[in-house]
Structure formats: structure tokens, C-alpha cells
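Across the two complexes that follow, chain A remains constant while its partner is chain B and subsequently chain C.
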Partner chain A sequence: MKANVSKPGGKKVESLPPASPCAGRMADGGESGCASRRAFLSLAGVSLTVLGMGGCSREAREEFHQKHFRELSPEERQSIISRLEKEYSARFGKNVTVGTDPAAPETQFGYALDLSRCVGCRRCVYACVQENNQSRDPQIHWIRVLQMEKEQGVNIHHADPYYAPKQVPEEGYFYMPVQCQQCKNPPCVKVCPVQATWQEPDGIVTVDYNWCIGCRYCMAACPYGARHFNWGTPSLAAGEMNSETHYLGNRPRPQGVVEKCTFCIQRTRRGRYPACVEICPTGSRKFGNLLDPDGEIRYILRNKRIFIFKEDLNTQPKFFYFYGV
Partner chain B sequence: MNISRRGPDRRGTLLLAAAFFFAGAVFSAGGAPAGPEPPPAAQPAPPASGDLQVPAPPFSEGIYPCSQCHNKDLPVNRTRRKLEAAHDDIALQHGPPENRWCLDCHHADRRDFLHLANGEQIDFRHSYQLCGQCHGDKFRDWRAGVHGKRTGQWNGKKEYLLCVHCHNPHSPRFKPIEPLPPPQPPQRTNDWKGLIP
Partner chain C sequence: MSTHPSNDENLGRFTYAEVDRDILATLGTPGKGYLALLLLCLGLVALGAFSWTYLVLKGIGVTGLNNAVGWGSLITNFVFWVGIGHAGTLISAILYLLRASWRTAIFRAAEAATIFAVATAGLFPLIHIGRLWVAFYLMPYPNGRQLWPNFRSPLVWDVLAVSTYLTVSAIFFFVGLIPDIAAVRDRQKPGPVKWILSIASLGWMGTMLQWKHYMAAYVLFAGLATPLVISVHSVVSWDFAMSVIPGWHTTIFAPYFVAGAILSGLAMVITILVPLRKVFRIEHIIRPFHFESMAKLLLFTSLIVGYAYATEFFIAWYSGNPFETSVFVYRPTGDHAVAFWTMVVCNAVIPLLIFRSRIRKSLGALFVISLFVNLGMWFERFNIIVTSLGHAYMPSRWGSYTMSLTEWGIMLGSFGWFFLLFLSFIRLLPAVSIAEMKEAMPAPAKGATS
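Then we have the complex of A and B:
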């Protein structure tokens, strides 16, 4: 190891001697008999891992040693997908596919929601649960619809997500569904200590459930409450399971990981609209490519009044609220 | 997924059906018999240019064509009145009531068609032109895919809905609907049982 070290006194040290006599030998020839502390600990660590994993199945060992998703070779990726498909198909008793469709070039997904038309019926919430295989118990919803007072405007101190009247919309209220805003400057991604969450080239912020360690820093960082933690083992009946899945999206999650809206990555990467867009009975939800100047989203940005939720935080959402009326 | 589609469709179907009956009763309630009419002009097909699909109007089964009943044996009555012989279930709540009535939109002489303000006959498949006469801003947004629901592909084939798929043409304002259940408040999971002494 060589380094130029400047000391406060101004005297330069050209090079440092090896930390121990055997360090140099290891670098040169890799002598196995060396008893440096580092070598010993490395060997001990490997030995313990091998001993500890001795009773595990081959699949479990593979999963334990899986590399980060973005560093996988196509062969490694295929092997993992096959393993997962086999596991899920056996668990749910049907043919489950796990896609890894990559982001399309020249695509930045954008979303717009018409606050003047949403009636707060929560059809989107349950369409999302059904499409994305969220846990039914403990319950996880990626979309939370806030009922707000018209007199207050958008004021989360006067927002109620638990409203349950017989009919909506109620007089004097408006409704604001909140889900992942797919920020261009996502605070959740910054805080992840293991890079288990990242922004894809098409703008979707994804989570690798095999890499997430469940620290929930991202949940603390997200100003929209858009991330959800699997506190318990997710329950998902085989009959209700959507078998068309994506590795970074709606595949079944284990306990102890964080999940979030992915703009229905398994649908949108194949050209389809997200489930919440297709279910909305008032047509309040719009989805498209921000880079398409003739698309719906750009039309809305050009012609409508836009509201960006918590704009002052500079998260730069790609989810826009607008007033269509 | 089908919840929302089914609701408006069915509603629209009933409404349109009602509209036809309404128009029928108007025409059948007396007046001079309609003379021999030329066959309706052929309408251009709805835009089916590959990327744009508009589903058929939500007719009730057996209601269309209207000329099944509204034929030459039922003379046209052009007098504005409350309908009683048929279509009496329709309560017209569209614009100022004193200024609206059936024949503002339904074609008096060619019963299977609608007409624009300038008298031009239009097919039921093109009813959006009729709506767009007054609701120009909505029509513009609808054409851009911003008003109303689009399904299909965000980067390919899309399906529009006609105005009448979601709005009852005789009472277009959306009716309140029942919301789905609220989320559960935060709770402890049963998985912790046995782990915590």
C-alpha cells in the first residue's frame, strides 16, 4: 500500500511500510500460513457461514448469496427468476410469472389526478390491492384517500383517511388520493443504507425485496407516507393472487420488507395503464409518458392548474394533482 | 376492475333506452302522420384509425332501432308536453327545464338518429358531437384523453368511452356512490405472538 500523506508539519511521507510482514507476502504470493488478523477473521467468517448454511436448501443458499439486482448477469438474473417462479407457483398452486421487463428508452412516466373530479369512492385502493398482491391481513394499502374540507383546502391537519359515509362525495368535502409520487429527487432512495431501493431509468422508484433489510429509514424519509412495511407475514389467498408479476413490483413479498406503489410496473412496462387508472369511475386518473409532447400528461401540464403536493420539499414529484373543471 | 365499468354502462343503457321511449311517445301522441322519408344518410364510421376505439353506445337490448315502434303508424307530435303514454320514467334534469325537451336532441323524422343544433342528422355512435355543442371545453379535453376514462395502452391502442357511457344524457350529473371500506387503523400484528414474552 502506497500513499502520500501530508502531515500538518509539512513533512511528506513517501510511502508507508506494510502493516505486517505477511501483508506483503500475501499480496505477492498469497501464502496461506500467514496469521494476520484480517486473514484469520475472513477465514473464520467464511467457515461460520458455511457451517451455518450447512442445513439450508440449495435455494436458500442461492438466495443468501444473491448479488444486487442491478449487478446480476443475464444468466444469474434468469436463474433467480426461475427459482422465484418455481417457488411462487408451488405456493399458490398456479402458474406464476415473474417479469424483469426493463425500462423503455425515452420514457419518463408521469401521473396526473383530477382533484375536482375525484369522489373518494376508493375503487382505486382496492383495484391496486388486487393487482399488486398486497397483504390482506395485516392490511396494506398503497393508496390512501384523504377527505379534506373545502374550506380548508389542501391541509393535511384537516384530512381524514377513515371517512365512511353511506355515499360520497359528501357536501363540503373534497378527496385527495395519496400514493407514491415517484419523485425525481426521492428522499427515500437517499437514505437507504443498502441501496435496496432506487430510481429506474423510466422514473419508477422500485424496491428489491430480496435486498431490503427492513430498517424502514425510507419510510421515515418519505414525506407522503407512501411506503409500507410488512410487519407480519403477508396473507394472500391463492384465488386472489395476480399471477402476472414483476420482480421489482407485485411479486409476493416476505415479512420484514418495505413496499410501495410502482405505477403497476408489471403493466406499464408492457404498455398498459395502471390498475388505478382503469378502475376510476370518474376518469380522474391520467397516466402517460412525460416525454411525449402530445400525450395526456403534457396536455394537462400545459392547460390545467397544477398542484404539487409538498412542493416546498423539492422532492420533484412526477405525480401531479390538477383541477380539470 | 369491473365495478366502475359495469355501473356507468348499465346506467347509460337504461337511460338511452328511456330516451328512445321518450322520443317515441312524443312522436306517437298524435299530429300529422309522417310522410315517406328518404333512408337516413350513411354516417361516417366512428374513428377506428387503429389507435382509437370507441365502444358502441350502451343501448338496452331490444330498444334499438327506435323505428321499431316509431314507424309511420305513429305520427309525430311536436307539441312540448309532459309525456304520459310512454317514457314517463324519464325526468329531464339537463339544463334549464323550461327550455329543454326531447326533440332538441332526438331527430323528429328519422327516429333512429339524433340531430345537431343546425339540424344535421347524426348517428348515436357520434353523440359526442351533440354534447360538444354546448360543452366545448369538455369536448376538447375528451378528445385529448383528459376528460373521461381511457383504457387500453398508454403508448398504443386506446379506448375512449362516449359521454353517455358515464353520464345519463337526461340527467348527466354524477350520482353519489357508496365508498369502499376505509383502511384499518394501525394495529399490532398477530405474528408477534410467541416472540414477545
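Then we have the complex of A and C:
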């Protein structure tokens, strides 16, 4: 498992802070009133269903009776989207759009990351947070960067996710960002008891936040630590909210559901790169269609030394690490 | 009053009338101690209900859980209570089929403990999930859109296994109760209670034909319940064994969990019965011999569990898998070493004392041992769940976990709930089977007083 990693281009980059050791955990259990209202409404929904659905708002009723995303007819989908757009726009005070762009035919998204170039600046981590509307407090980071010793190679027992020097890269270390590997054989999908998470035709593993019951089995099953739970209501300031969203991706999440990297489904299905690819200052991150024989990903797979993380678990990732230099 | 020599020395010597009198005496006017206990349990249930409400409103963040350790005390309690619910059906069904006559005096109480424990366990998955109000997505309920839960998920197997076990155990329990409900009914003055009991006893008159059908049904249910004792905890163990987490992903989990469940169930039955026989003065019915038999079974399952602990470590070393090895170094030396050593000492070391016949025959000693096993089995589940999740594949997902006050409230509430159900049961229905006690005695001689 030793990786022989050569030096990155010599340029020093300012590093951004790591996630705190308790990232994603509520510090004090406190939260805004809005979330409790939501939870309360849903609870009330249950009780009132029994009582013949008396004085419950129409929206709450509709949300409670909403079908699984893959079971919706086009009309039902449209009505749900307009309900969500109305709700989000009111909450964040701007025009929020919720896309449902389907997977393009003949597409399997793949990702490659150059371990020899990555300097561990964590720009991707924060670009991802901004793009995908993760909770700021408690923090949720879909990408975690591991600092590894060059002496040890890829050895997670000698890896540090909490490194925090003024400048990166540090002498003697290399950096390995880990995010959802979009496995072809995803252990997380297999264990979900309610089919709230599944693999789309273009290979992206997605979550229907309206169907997730929050049992956290997928988090236990994922060997990459790629899934994150909303321990309380995610806090997201209106000013920081990215209003271009996708139903299966970065739309605002409720309390008590699991979320994960979707290769920026709201961007990539419209022909753009994921936010982490765009922001990377060293060009370590490559993204494209695995089925395109002339694509960059295929070139890398053909010509570079490829490392598949935790290959022995047979998860068959579509995320490849390589040594470019 | 004449006494009759019993066929079975171990069951004591009684007349039919004495059996009726002594067992039905438990249904009399409750004493002050009983009411105080009932009040305590009610208080704990109120605490649990309050904590759960707080958890639902605020989100799972009010527990000590975090992204590293996403399953904690709630799942620990779930497995703990399902485990407790194993001794009852083992004693009532398996020992019935094996014709172990010593089960007669104790099976009813054990069976009740089983049902109440499984009913308690069933609450925990609901408490654990992030969105309680959509918990029904887990059930394969009939709907117009052919949408099923994911049958590949061990969690769905779990829902099915536990609810099947609860249903069959409850039916078996109820079938066994029919003649006794009739006995209670016959002593009631006319009124609403008698009316309810008449319905519950399904018109039992004790005729020859009724007994014939009853015995056939009882054997059938015993046969149906027996495989479930094995299957339910095997399925619970697969919740863990089916995922690739080091320390979980192992083939010994099913037998290891079943043995552990029976161990903890027997311990709980001993914990309950030692004070019960004293308070209700039925020491001559539930006798030291019964405890000795249970103690032997407890020792046997404890040896299996101890062997499983050793096997896990051997395989972790022998496999050469760095992640597996790392978890098994972490368990006895890491953040939760106390849980690990409590588990080993309470489950695999202290029960070895039962090898001494003096200890086996002392109720006081067995009571203390059973308390230790209860504690140890709780920590076994805690150890398996928390240390594996907190030290698995990713250093960004390594972390520790401490129970929050909310979780303590919920856990205490679950104990209150269990004992509340049990206390209500012993006042409402005979805690020892009258019919089976009589069955085990020789028929009364001509001219005897009863």
C-alpha cells in the first residue's frame, strides 16, 4: 500500500482550517426555532393523520403524504418542486430554484485526483460547503483531507485529518482528500432499509431527504466516512445560501437526515464541473465521463499509476487516485 | 389437610387447593412496598417520555452521538432488551419440548419477562432514528404504489424478525394462560372484571376435549417458537455482521449473540425471581433447585460467550488485517477500555464461580452474579457498537462517545417501562402456571380434602 509521492510544484499555499474533531456534532444541543417548528409540524402531522387530519396546514399534509421521488408522476413532481421552491424562497428571501435534471444517457461520471499535486489547502472543502448548502453550525464537510507521511505511504494509521499549519504543504507529507467514492457496489445503498438512497443511471449515489428516516445505517456501512448526519437543524444563513439547487443534491436539508457528496449533481448534470474541481489551485482534481473514450479520465486511467482506496473491500469506486508527476 | 408425595421431588408436595391458594394469593390487595415500586416505575417512565420528547423536538444532536459514533446507547439498549427477551421462550418452549420438568414453576414469569423485554426493545429503533414520524416507511405496509422497503437491508430483516418473535411469544404466552385465566375467572364475583376474564379465557371449561385440543396447540406453538429463539438474535447480530466494519464483519456473530442473549435473559430471570418468590411467599413453589438449574444453563452460555471473546481476538491477529487488528487493540486499551473489561469480567469470569456447588446453591450469591451479568451484557453491546464505529476505516471518523443526560433519561425510562409492565402483570395474572403445577402432581387420592 506504500505510495511513492513526489514533491508538489514547490509553491506554498495558505491552508484553511480543518473540521473540528467534533465537526457535525451539536455543541450545545441548541438550535433555531424554525427547526423545532418543522419537527413539531411533522409530529403533529402524524397525530392529526390519526384524528382525520384536522387543523393541519395543507403544505404539511402534502409533505407528509409525499411519495418516494422515483415513484412520482411528472405532475406530482412538478407540484412538489413548486411547493419546495416556494418554501425555500420564503425562508431564504431569494429566488431559489430546485432542479430535477435527470441523468444524461451514455454517462458514467468518474473522478480522478492527483496525489502528487494536492497540497492540502482545503480550498475544495470550503468550496464544497458553499456550493452544496451544508450546515455551517454544526459544521458538515463532505470532503475530509488526510495528511499522510511520505515515509508511510497511504497508511491511515499514520494519517492526520486535523493538521493545521500556517502554510501547506509541509515537508515530508502528502495530502489525500477523501469524499464519496461513488462506488459501483455501494455498501451504503445496500443497507438502507427504506430505499431512500440509490445509484442514479449516471453512477451518482443520491439521497431523497424526504424519504430518509435517519437510522444512520449507511454511515456505519460506508468505509470512507462519506456520509454525514444532520444532528440538529442545519444552520445556513440566507446570504450564504446557494439558490441554484437540485432535489437530489444541494437543496436545504431538514433535521435528522443523512447527506453526502453528489459530484455536485446540480452542476454536473448541466455540463459544469463540480465546485471542488473548479476551485482546486493545483489542478489536482479531474472529472469527466468514464464512457467517453477520448475523455481526460480515460486518458488518466490508461496512462497513469492508479490507486483505488480500500480496493480490498470490493466497493468498486468511480473515484481514482493517481500519481501524475 | 393431607399432602401427597409428588412424582417429582423437585416440584414439592402440595394439594391442588394449596396450589390455587398460594399462587392466587399473589393477586390479592397490593402492599405498600408494591405501590411504592409501582410509583417509582411510573416516575421513571415519565422521565423517559420527557427525554424522548426532547430528543424528537431538538434532534439526535442532544445525544452524545457524533459522526464517528453514530450508533450508541440507544442501539445498545435495543440489543440489550432483545437479549433479555430470550430466556422466557427458551424456558417455556425449548425446555418444554425437551421435557425438562423444572421449567414448570418458573416459565410463566420468564415468558412475561420476555414479552415485556421485547416490547421495550421495540421502542429503541424508533427512538434512535432521526425522523420518528416517518418510521412507518420501515414496514412493508400495503400501498397502491408497490413500494417496498429494501429487503436487502438487515435492518428490515430486523424489523420482521423482532415483530414475528414478539407476536409468536405473545400468542404462546396467551395460550398458556387460558386455563389459568379461567381459574381466576371462577373466583371472581360477577362484574366487569369477571366479564373481561370470561372473554379472555375463551370459554374455557376444562373439559376433556378442550384439554386435548389445548395440549396439541401448546406443543405446536412450542415448536413454532423454538426456531424463533435462535433466529431473532441471529438477525439482530446481522445488523452488525453484514456491514464491512472491522469488529462487526465476522461469521461468529450469530451464535455469539444468541448465546449472549440467553445468558443475559437467564440473568434477568434470576434477578427478578429471587425477590419475587420472597415478596409473594411462594418460596416453596419456586425453589433453590430451580435456580440451580438456571445457574447451570447460565454457566454454559457464559462459557460460550467467553470462548467467542477469545475467538474474536485470535481471528483479528490471525487475519493479519490491519483494521481488524487495530480495533481489537483499541478495545482493551482505548477510550472505552472500562466497557471492555467490565464485559470480560462480568460475563466470562464471574459466572465461573457457579462451578462451585456451594455458590450454585446459594440464592444470594446467584442474585449478585446475575446482577453482574446484566451489567456485563449491557457493556458487551456497548463495546461492540461504540468501539467498532469509533475506530473503523477513516481517521477523520475516529472518535469517542459519552452518553448524554437525555440518553440516561431514556435508558432509565426503559427500565421503568419494563418493570412497570412486569409489576402490573404479577398483580393481574398468576405468575406461576396453576394448570401446569397441578399437571405435574399426582392425581388426588380418594377421600383427600381437595
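By our rule, the second predicted complex is superposed on the first by the 274 of 325 C-alpha atoms of A that agree within 3 Å, B and C clash if a C-alpha of one lies under 4 Å from a C-alpha of the other, contacts with A are read in each partner's own complex, and residues count from 1 in each chain.
Here is the rule we use: a contact is a pair of C-beta atoms (placed from the backbone, for glycine too) under 8 Å apart; a residue touches a chain by one contact, two chains touch by 3 or more.
Predicted, not measured: the structure shown is a model, and the values here were computed from it.
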item	value
Partner chain in contact with A:310 - chain B first, chain C second, else both or neither	second
Partner chain(s) touched by A:251 [first = chain B, second = chain C, both, neither]	neither
Touching partner for A:211 - first (chain B), second (chain C), both, neither	second
Partner chain in contact with A:232 - chain B first, chain C second, else both or neither	both
Touching partner for A:156 - first (chain B), second (chain C), both, neither	second
First, second, both or neither for A:275, with chain B first and chain C second	first
Which of chain B and chain C A:64 touches, first, second, both or neither	second
Touching partner for A:260 - first (chain B), second (chain C), both, neither	neither
Of chain B and chain C, the chain that contacts the larger number of chain A residues	C
Partner chain in contact with A:318 - chain B first, chain C second, else both or neither	neither
Footprint overlap on chain A, comparing chain B with chain C	138, 144, 161, 231-233, 255
In the complex with chain A, residue positions of chain B that touch it	1, 3-4, 7-8, 141, 144-156, 166, 174, 176-185, 187, 189-192
Chain A residues touching chain C - in the complex, by the definition given at the top	19, 21-26, 29, 31, 35-36, 39-40, 42-43, 45-46, 64, 67-68, 71, 138, 144, 146, 156-157, 159-161, 178, 187, 190-196, 211-217, 219-221, 223-225, 228-233, 254-257, 310, 313
Complex contacts: residues of chain C adjacent to chain A	56-62, 65-67, 70-71, 125, 128-135, 137-138, 145, 147-150, 152-156, 159, 239, 242-245, 322, 326, 389, 392-397, 399, 404
Residue ranges of chain A in contact with chain B within the complex	119-123, 125-127, 130, 138-139, 141, 144, 161-169, 231-233, 255, 268, 271-273, 275, 277-283, 286-289, 292, 295-296, 299-300, 303-304, 324
